[in-house]
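In order of appearance the chains are A, B and C, and numbering begins at 1 in each one.
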Amino acid sequence: MTDTITYRDALHDAHREALEADDRVLVMGEDVADYGGTYAVTKGLHEEFGRARVRNTPLSESGFVGAGIGAALGGLRPIVEVMTVNFSLLALDQIVNTAATYLHMSGGQFNVPVVIRMATGAGRQLAAQHSHSLEAWYAHVPGLRVVAPATVTDARWMLASALDDPDPVIMFEHAALYASKGELSDGGGPVDLDRAAIRRPGSDITICAWGGTLSKALEAAEELGSDGIEAEVIDLRTLRPLDDATIVQSVMRTNRAVVVDEGWRSVGLSAEISARITEQCFYHLDAPVGRVCSAEVPIPYPSHLEQAALPQVPAVVAAAKAAMNR
Amino acid sequence: MTAALPAIETTVRLLGDMIRIRVMEERCAELYQQTKIRGFLHLAIGEEAVSTGVVSRLQPDDAVVATYREHGHALVKGIDAARIMAEMYGKVEGCSGGRGGSMHLFDADHRFYGGNAIVGGHLPLAVGLGLADDMLDGHRATACFFGEGAMAEGEFHEAMNLAALWDTPTLFVCENNLYAMGTSLESSESETNLAVKAAAYNLPAWSVDGMDVVAVAEATDRALTSIRGGGGPVFLEAKTYRFRAHSMFDPDLYRSKDEIERWKERDPIVTFTDRLIEAGHIDAEGIEQLWAGARAEMDDAVAFAEAGTWEPVERLTTNVYRRTPSSGHPAPETERGQV
Amino acid sequence: MSDPIEFVMPSLGADMDEGTITEWMVGPGDAVERGDIVAIVETDKADIDIEVWHSGRVAEILVPPGRLVPVGTPLAMLDVTDGEAIPPAPVAAAAPAEATAPATTSPPPAPPPPAPPPPAPPPSAPDMVAITSPPTRHGPTSYGAGDSPATGDDGAPASRIAASPLARRLAGERGIDLSTLSGSGPDGAITAQDLAAVSARPRPVQPEPDRPKRDPAERMRRAIADLMARSKREIPHYYLAADIDLEAASIWLEAANAERPVKDRILPAAVLLKAVALAAAEHPNFNGFWLDGRFQPGDGVHLGVAVSLRGGGLVAPALHDADQLSIPDLMVGLRDVVARARSGRLRGSEMSDPTLTVSNLGDRGVEVVNGVIYPPQVSLVGLGRISTRPAVVDGEIVARRLVTATLAADHRATDGQLGARFLNTIAKLVQEPEKL
């Protein structure tokens, strides 16, 4: 049996379940209580669980992310919500210099079981300080786990797995996904944070996507299918550590790959994934690894320019066909 | 005004701890010049009354979050000198398994959370520890040390605001030694009265003579009483001075030798020694025993560090994740630590 | 009093590896107290006061002011009165950095490193860094003749054939000389698809020095696997089937074979092959290749006949210009090519030339053959068993000899409508064997 819900509601249910299941869990962030969360993920939870556990913070990213890290060290299981990845840069020190390093520089004594959630991505005309996809900044750092639920099922179940994880987990939610609807598998359970998922099997070409680009990759795959090209679509789900095995096994079969990344092309995840494919599948490649990324420009405000800056389905189709020599 | 002396066992203990720190740090300086200790080495010689005065008043399950000038705090909190010294060497037997070095002393058993080397970065963490204690336990406190240089960082202000807003059981201790590396207080703070500055966050804040260990200990007691009574965070400024340069490779160009000599006249160990002898708490022989005991302790610590082992390079990527990822580039499972 | 100890040039920071004494504050015979400033050292950064760590007496000054010496150089000898000194670090201090530092090639930028860990592995130890991944198991083996690192007379690399890594590997595995191919990829690069048009042919000269010899059967299997997998990946197959009445052909064959010795008898397959060849000539859309995203008609009808090999596997050598051959000649050609296929004596052109393929599994008792097209061909005709079945002729149920013929065709090149006509043509041609 399946149920159709929104990504937002899936996250909401996940938060409520987490708060119910474990007294050590608290949600903290800007406007998570009365306002209901910037994307209404935590709406109403403060009434049910109290303001101590659904805790509004001042506009103080470094302060409250750091406090979340400290609270995790002190025995709580905090879920810290940061409005967008752009704002999280104010807390970069806490995440990179503290959360990611404590286990190591304490010689294994202090792990940091914190979950830091943030919206990412463009598409809503929010211009150049609310729209960027900076997942790669965090995926660069040893000590962090970086995940990106792209489906309502992952939105529903990934949080629990992230909370179970003893290490800091950064969770990216593409802002365009909150209102999206999908089928929620009945009786879902823990998500393996180390594994990518094949969302569409295919034999001709591998398309790697995640978060906000997954739906575009799937749409492109459908279009390619009508042209006789069977694309396999991989939802990476976890951006650090990358599930090399799933990617490599797929490319070994298809001999071609395209990476769809809403981040910029330069020095980003698409470059990393492409490099790993080349390192591990070189003698199985029949075409260069293709990349479809955002244009190298801060995201502009006008809709037509914003859309032009982002990876779109026709570009994915074109990249796949180029790799197919068609 | 000089605070009245507490009981003999307390005063002698305070003096003994200051002497232990002094002996340990002088030994560290020597070992550094012999290249036994490397990286950055920041000594707090001259500032012993602050670490000793505060940390000695904490309970065993209170937490300490300190800066990279934290050797004394770690020692007084109860971490074995031998494990501190082994950490300075980078040996496996060190209190951070050798991975941290001088700037990153850690110990879970003593709730010692570093050894943090991003100025100001650890203040929000201390607030979070307080938040957890508040929600889970209700009686533990966290002492957070930082230099006056940190008060120009945004994270100081964010942490003070959050702590006061949430009434966390946090004791903020500003170790004001007048110089942020080589930048004087006057040239880095618009308001040089640091307690006044902190009080803007609506919490109790006052200054204390950081060269007087009894004054520091008394102020700490007062602060902890307020904190444990649910009064929320307290800010304490301890005015002190480091006698040596910022780090080992610092020619000390930014302050005069006269100034250093004037402060040395207020050496917290010398003045407290004189005061205890005068008050009859200890005699010359007792003083000599304290020094000899400290030297013997540090001799043993150095021998322990010398005999320690280097971590095999095969273990390079351990302790990056507590749960080893089953995909991607694996790191071997960690072997130490608590959950 | 213990033996004199060395007072050495101290290391005052990670970026200091040498210093100059600018002034001695003490001289031989002077008493010193622990902590006394005994000298001033000039470093890259500034002049720094140097203190002494032991109490005692200066026995000898070893380095006069003004001389630049490395960290660890003894500067003076001290007779100490306050006990043991800590032995210097092994690397240290006392020796120039190069002497005992772990093997690094770059000059030490800083003071000597601390004592190296005892089990110091060589710097290139593979497990030093977890993030290196082996390129692949294939290593640096040369793939394909065109891939050899040839150099021109002047030593510069000879012009390199553009080919995808996969194409190079497959060419190497199949013994195909890349220089004999023209690529259909970007800028003429050879892709795996280009190789599909070619099958194994003897490898020219170049021996394969280190490559493990692969079992020929395994090679064959691998080649078939690649080709067939590619076919199913790339070619959108459609399938049609039709029963063909062989009554007329059977009667004609009985007559034709009556005068022939057994070994020269014409098999029904030859009639069918001829019909397929003629039909292909009439319907050229089924006779040729899908290349460069379009159909390219074959130059003549070269019928590939699938021949299973005794050691396993199969080949499909060409009967050249099958539409031009008489049935007896075609039968001779068929016998010849089957015999040579099974003894491994096929010619290269026979392997690479077929323009469409016929797979006949009738003699294995199969009713229907839904075949897999050989890329880049666009069709394959399958023939099943000739059997006597009930059929309706002129409103009556009668026993007839029938064969089920199938067409597997590339939907990119043709549609079902055309395919049906192609099959019908075959069926019709078979009804008048004397005209074939």
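One rule holds in what follows: contacts are C-beta pairs under 8 Å (C-beta built on N, C-alpha and C of every residue); 3 or more make two chains touch, one makes a residue touch a chain.
If you're wondering where the values come from, they're calculated on a predicted model, not measured in any experiment.
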For this session: Give the fewest steps needed to get from subunit A to subunit C, where each step moves from one chain to a chain it touches.
Result: 1
Exercise. Looking at CA centres, what chain is most distant from subunit B?
Worked result: C
Problem set entry | Pair of chains joined by more contacts [C-beta pairs], A-B or B-C | A-B
For this session: Could you give the separation in Å between the centres of subunit A and subunit C, each centre being the mean of its C-alpha atoms?
Result: 33
For this session: Could you please state the distance in Å, as a whole number, between where the Cα atoms of subunit B are centred and where those of subunit C are centred?
Result: 60
Exercise. Hey, how far is the Cα centre of subunit A from the one of subunit B, in Å?
Worked result: 39
Seminar exercise, completed: The positions of subunit A in contact with two or more other chains are 244
Problem set entry | subunit C, residues touching no fewer than two other chains | 133
For this session: Indicate the residues of subunit B shared as contacts by at least two other chains.
Result: 329
Problem set entry | Complex interface listing, subunit A residues touching subunit C | 203-204, 228, 230, 244, 255, 276, 279-287, 322, 325-326
Exercise. Where on subunit C does subunit A make contact in their complex?
Worked result: 133, 135-136, 138, 143, 164-169, 184-186, 191-193, 229, 232-234, 236, 293, 411-412
Seminar exercise, completed: subunit A residues touching subunit B in their complex are 24, 26, 52, 57-58, 60, 62-76, 78, 93-94, 97-98, 102-111, 142-143, 145, 165-167, 192, 194-196, 238, 240-246
Problem set entry | In the complex, subunit C residues that touch subunit B | 8, 10-16, 35, 43, 45-48, 53, 71-72, 86, 88-89, 91-93, 111-121, 125, 127-131, 133
Problem set entry | subunit B residues touching subunit C - in the complex, by the definition given at the top | 26, 30-36, 38-40, 89-90, 247-249, 251, 253, 302, 306, 310-314, 316-317, 329-331
